[in-house]
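Next come two complexes, and both contain chain A; in the first it sits with chain B, in the second with chain C.
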Partner chain A sequence: MRVQDMSRRITAEFPFVERFDEVAAGLPGAGLHWLDALRRDSLDAFNRVALPSTRVEAWKYTNLKDFAKTPFDIAVSGEGDPSVDLDGAGAGGPDAEHRLVFLNGRFDAGRSRAGSVREGLTVLSLGEALRRQAQVVRPHIERLSPLEDEALLALNTAFMMDGCVVVVDDGATVDRPIELIFASDTRSPTSAHPRNLVVAGAGSRVALTETHVGIGPSEYWSNPVTEVVVAAGASVVHRKVQRESPRAYHLANTRVTLAERGTYRAFLMSVGAGLSRCEIEARLEGEGADCRLDGIYLARDRQHTDITTRIVHAEPGGSSRQLFKGVLDGRSHGVFQGQISVSPDAQRPDGHQLNKTLLLSNEAEIDTKPDLEIYADDVKSSHGAAAGQLDELESFYLRSRGLDAEEARQVLIRAFIAEVVEAVEDEPFRNHLNASIDGWLSHEAAARETGT
Partner chain B sequence: MSAVNDTTDAVEALNETGYKYGFVTDIEADTAPKGLNEDIVRFISAKKGEPEWLLEWRLKAYRLWERQQDEEPGWAKVSYPPIDYQDAYYYSAPKSVDRPKSLDEVDPELLATYEKLGIPLHEQEMLAGVAVDAVFDSVSVATTFKEELEKAGVLFCSISEAVEKYPELVRRYLGSVVPYSDNFYATLNSAVFTDGSFVYVPEGVRCPMELSTYFRINAANTGQFERTLIIADAGSYVSYLEGCTAPMRDEHQLHAAVVELVALDDAEIKYSTVQNWYPGDEEGRGGIYNFVTKRGACRGIRSKISWTQVETGSAITWKYPSCILQGDHSVGEFYSIAITNNRQQADTGTKMLHVGRNTRSTIISKGISAGRAQSTYRGLVRMQGKAGNARNFTQCDSLLIGDRCGAHTVPYIEVKNRSAKVEHEATTSKISDDQMMYCRQRGMSAEEAVALIVNGFCKEVLQELPMEFAVEAQKLVGLSLEGSVG
Partner chain C sequence: MLEIRNLHARVDERAVLKGIDLTIARGEIHAVMGPNGSGKSTLAYVLAGREGYEVTEGTVHYQGTDLLDLSVEERAREGIFLAFQYPVEIPGVAGTTFLRTAVNALRKHRGEKELDAMQFVKFVREKQAELNISDDMLRRPVNVGFSGGEKKRNEILQMALLEPKFAMLDETDSGLDIDALKTVADGINALRDPARSMLVITHYQRLLDYIVPDRVHVLAHGRIVKSGGKELALELEKEGYGALAGAEAA
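For the complex of A and B:
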């Protein structure tokens, strides 16, 4: 390989990393030899590779320089206002059966709600799972760890605090969604490293709704890693809403593997955080696996929102669909990087991707980089990308029918993202999305009126 | 079975004929010692009798390049063993005391080389009305049709001659589009460029003929560092053709050219390339490393630069002909066919940088991969903050032949202006069995069928080529894919 010069790295001196020994002693699973060793190896890997600079191709458009200067520590257990009500915070709505709440990265039993015990479903916090079923968790955690050049993933493994473990037995069907809420409420810059694991057994069905939310104007960093294993013929629906505080950093990693005929449907809404990056990698490792990723990103002011996907067609006959739409206002910066990679033996794959962005201001910027990497010849694959502004003519049409300029604008923005939202099958979740979009648009309207 | 037989025959035939243009001409070269250092740069400059400012410019480039040793670009999807830049010759000129004034004065052995390559100069003069500024190794040796061009006021000569005769033009524009600090290979080129072509089309002049230059690489271990500068003054038009073949070699050869185009108000430059340098053998031994920086600046309002390329040769191609659309209403175009076979690697595309208002660009790229080749389209479209109402349309299609090759598409789209509109489409597919069946049914061999289908796939680009090139390019498309189907 090539010489790795230091301009490709950003050295960060986070206080909690320096205090590893002290911090690790209080983390879940402390004392398990394999886990202690893994945490230490991962720490070494993080120190070795360091954070990527924009000279690293995958990070070309997202700059972590300012982020690296923030003196993050790790959240102290029990921090956060106990009176804050998180009931309405989740996107799962009243329909959710199990609810797991994590405050500043730690499991909050008081706010969580265990659903009825049912056959074939295990829902535990990671801490509990490590105490009771370490043998189930271990192979998965170990599998994700030895990745090179993945500083944030390595750091998550070194410091994973808590998270959820969902195991669905073969053939089981969980008909109501499992809700996960990751809330942050801190006074000083802290970091949280949740680690989630979802294992869907052969032929099983399960849906998850994940919400990341900030309380108040706190500055924090959330670094969640979620592993999803979809066994043969299983079906997993994974919905995520990112509504972190305006000063927060959200750097998330989702890794999915699909066996033959497995299906994975993901929906992502990214609207919060000062700087966010949601990375999703799905590997279609069985014949006829099917993956669909949809999402919307809304940003304004100086927000930076990055969605990076990678779909690997490793076996024949897989299909993947991606549709991402974004609306950018103010001085915000959107990034979409989508890779479809087809391995030499993965004949007859069907991979499609579309990314469209609406720019509402002259200062907003979108950088999009689709990436087709194809090593097989019997391939149907395409991608499209487009960026533009609201259509004057369409706006005129609406105004000529009696809508004022602001109404016309909102109708057109809604229409632009409707294609993605309407495809969401779950009604409570769709309602939640629509409410979020309404909130975003009315904030927009108010900001325009006051001229800020 | 017949398809298999056809293929076997075709492959055997190909191996027998080998690379048609593979031979070495033995001409006494005036060669600088191996390696690269400040003295070599001074040697080249002195050899060419250059003015002080140009030597200084070369030295600045060399010193920067020396500091950048660790920064050889690594982002392209190509792989090759590290290049030892000290293990090459940076200057070699054919033995010649004075520049020849006519073909009679040209070394007869050189002329014989051209005959072998199939470009008899005399014939070409009459045939197509093309002025040929043939570059042999690094020094221009013959320039034709000069007088007719002079009548029109068009300056067309080697860049060394231009440094002597039109120093103010060269000084003003050299490095103004591709600065010496631009990238690793451009910096290297700026330090050691030996020769290349210079064109200046004065205000309001439509160049009376297509300008053409043929590049050859000769003398073992000589990297070629061409430098081309084309300036189209206000309201002028010029079409420039570049084509090349190179003798067969075992060792890799580095080619790091720089081409700069400048179009002023209402001017138009059309730059067409057919590149079929030696691609290496079936196992990827030998072949040219083609690391080229080509860029055009549409400086004036309503100016236009159009790049058309047919890339079939070279072991590795690293090339992104680009347009900087500075002038309002200026237009950039990029039409490309990249064919890779056996173990060739190509990472090619374009950059369209929209700076001015109402600027427009079109990108049509056709990539064809066969054998074990890897072909990548990598293109950037950037809409700057002031590029109001700018438009881009990009279409990238890839065709795969065989199951061991790769085709990759990596467009970068950066939009900073809301009224700018960018559209990108990409597809990847293979030749369908139905298409093959249809052609075979009508009595075509598998090879012929593939050539026909691929030519159809490339049609949008081929039709952009000037007539002289279009015919050659179509043949080349078929030839490059020989032995790839079965």
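For the complex of A and C:
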């Protein structure tokens, strides 16, 4: 084993990590030998690599130093106010056909509509899936074993709590989106480690909507990992809204593999949390696979929002498109890192990436880093990054027609992100997004008025 | 209606207006002509209240109030309108949304009920037809990808919807062929009203064949160097600005 350079590491002493044996005994699938062993190995991996410092290239702009000092424990089952209303938390409302709610990382059966195994579709909580269909889950969970530098993935694997398992059979079509709500309501620094698995069989179609919210007064940490497997010719739409409470740390990992002609469409809106990082890796492992990632990030005050994507073109003829737009106010800090990697065998790939940021204050900051690693010939690829401020002339034009300065400002901010929002095809979700954006804008306007 | 006295203004530390005196009565149409760089557009921007156009001396009274005290949007709500020489493209904002927001901002100011999307469509339809503006044009983002003629027609549509008391038309004829010019001029003439004053800014006399002014002023080096009736425009067309502008500079 090579010696670790400790300047690249941050050592954290999270109480729950110290109490692994006791905690693990109460987690889903406890007693399954393969899972117990995997949890133990992952804990060892975490203890070996520790958290990355900003000396690690992939974490250059996101500093976990303060985060590492927070004495996080693990959420205790049953914590959280049972009367909390989560009906409006997601896009589909309480009547969504499939709705899985997780409170502090634990499956909340009372607020969920799930547990169905019917023709063509399985929707279960991870705990239930491990009880009933462990053989389906096991190869996927084992395959996603963490590599070096993936401390958070390792920790999720060691402490994976609950999450959803969606399996769509070959050729099946799921009409309505499957809705996942991850809520946190804690009184002391707590961590949750949800683990989701989505397997779309050959030629199947499914859509998922994930919402992350926080209610309680305390700091908390959400560390979700979602694995998506897109089989040949399958189509997966995956939408996510991150609107955690301002005191939250949201560090999420999404890992996607696409077989030939598989398509994956992701939409991400990151608006909450004090510090967030959403990492998405998509591996185009079959010929003609097609991946599209779109997103919006909105931040103010001292929020830190990081979107890190990695698209691997491993086979010929794949295409990928990325469009991320952000609006930063106050002293917020945005990070966009987009890596496109093309293997020598992946001829004729088509990879495009664009990141634009609107800076509303002089103290807001964006670090954007496109990163193209291309080892093939005959590549169509492009990337672009731009940051700018609201246009004085556009604002004057609107005001000369009677809009006040604040209205003009809101119209122009909306216009800036409209391109991304309008590309969302699902109307209930688009309305949900627009409501979140309205909320953000009016809060922003109020904050400007009081000068905070 | 509007009374400008000894108006001086600068842009980027450069003095552009150097003592303008101009009085426009209710219902009158005045034309301001002059060579490029004489300060015509600056005068329009100063009256509309654009940031960075700093008044250093003089006064402007509009319907008895001090115009220079008002913000851009307050001026718009009090009935001041500027048809831009270069209408601004705003990607991401649909034309109808923009027009409705503007109309409602003014209605709100007047204490009238705001129009919903359906009511607005009805309200805009007639005026839209007069100016030969298609529904498709209004669905597109404001001015994005519009031809020169479409942009100018869109400005006049806004004027028709906002019903200003004092409208400034900044080189509304520039970049238009003769047919487009006639459509735009007809649109403007339809808005002539005993209660509405206009300031038509133009480099060429030809617009004034269609929109006949009550008074014509020649602007050079930031000052009005000559004023007269509509025949002054023809005179200028024959003799050019050279003599007037030169005489003033000397």
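The rule is simple: the second predicted complex is superposed on the first by the 439 of 452 C-alpha atoms of A that agree within 3 Å, B and C clash if a C-alpha of one lies under 4 Å from a C-alpha of the other, contacts with A are read in each partner's own complex, and residues count from 1 in each chain.
Rule of thumb we're sticking to: contacts are C-beta pairs under 8 Å (C-beta built on N, C-alpha and C of every residue); 3 or more make two chains touch, one makes a residue touch a chain.
Bear in mind that the values here come from a model prediction, so they are computed numbers and not experimental data.
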item: Larger contact residue set on chain A - chain B or chain C; value: B
item: Contacts of A:Ala435 with chain B and chain C, given as first, second, both or neither; value: neither
item: Partner chain(s) touched by A:Leu360 [first = chain B, second = chain C, both, neither]; value: first
item: First, second, both or neither for A:Glu394, with chain B first and chain C second; value: second
item: Chain B versus chain C as contact partner of A:Ala25, first or second or both or neither; value: neither
item: Touched partner set for A:Glu407, first chain B, second chain C, both or neither; value: second
item: First, second, both or neither for A:Glu419, with chain B first and chain C second; value: second
item: Overlapping contact positions on chain A, where the chain C interface meets the chain B interface; value: none
item: Partner chain A, residues of chain C touching it in the complex; value: 48-52, 71-73, 75-77, 81-82, 84, 87-88, 90-93, 98, 101-102, 105-106, 109, 141, 158, 162
item: Chain B-touching residues of chain A, taken from the complex the two chains share; value: 2-3, 5, 57, 344, 347, 357, 359-389
item: Chain C contact footprint on chain A (complex, rising order); value: 392-394, 396-405, 407-408, 411-412, 414-419
item: Chain B residues touching chain A - in the complex, by the definition given at the top; value: 70-72, 74-75, 383, 385, 398, 400-430
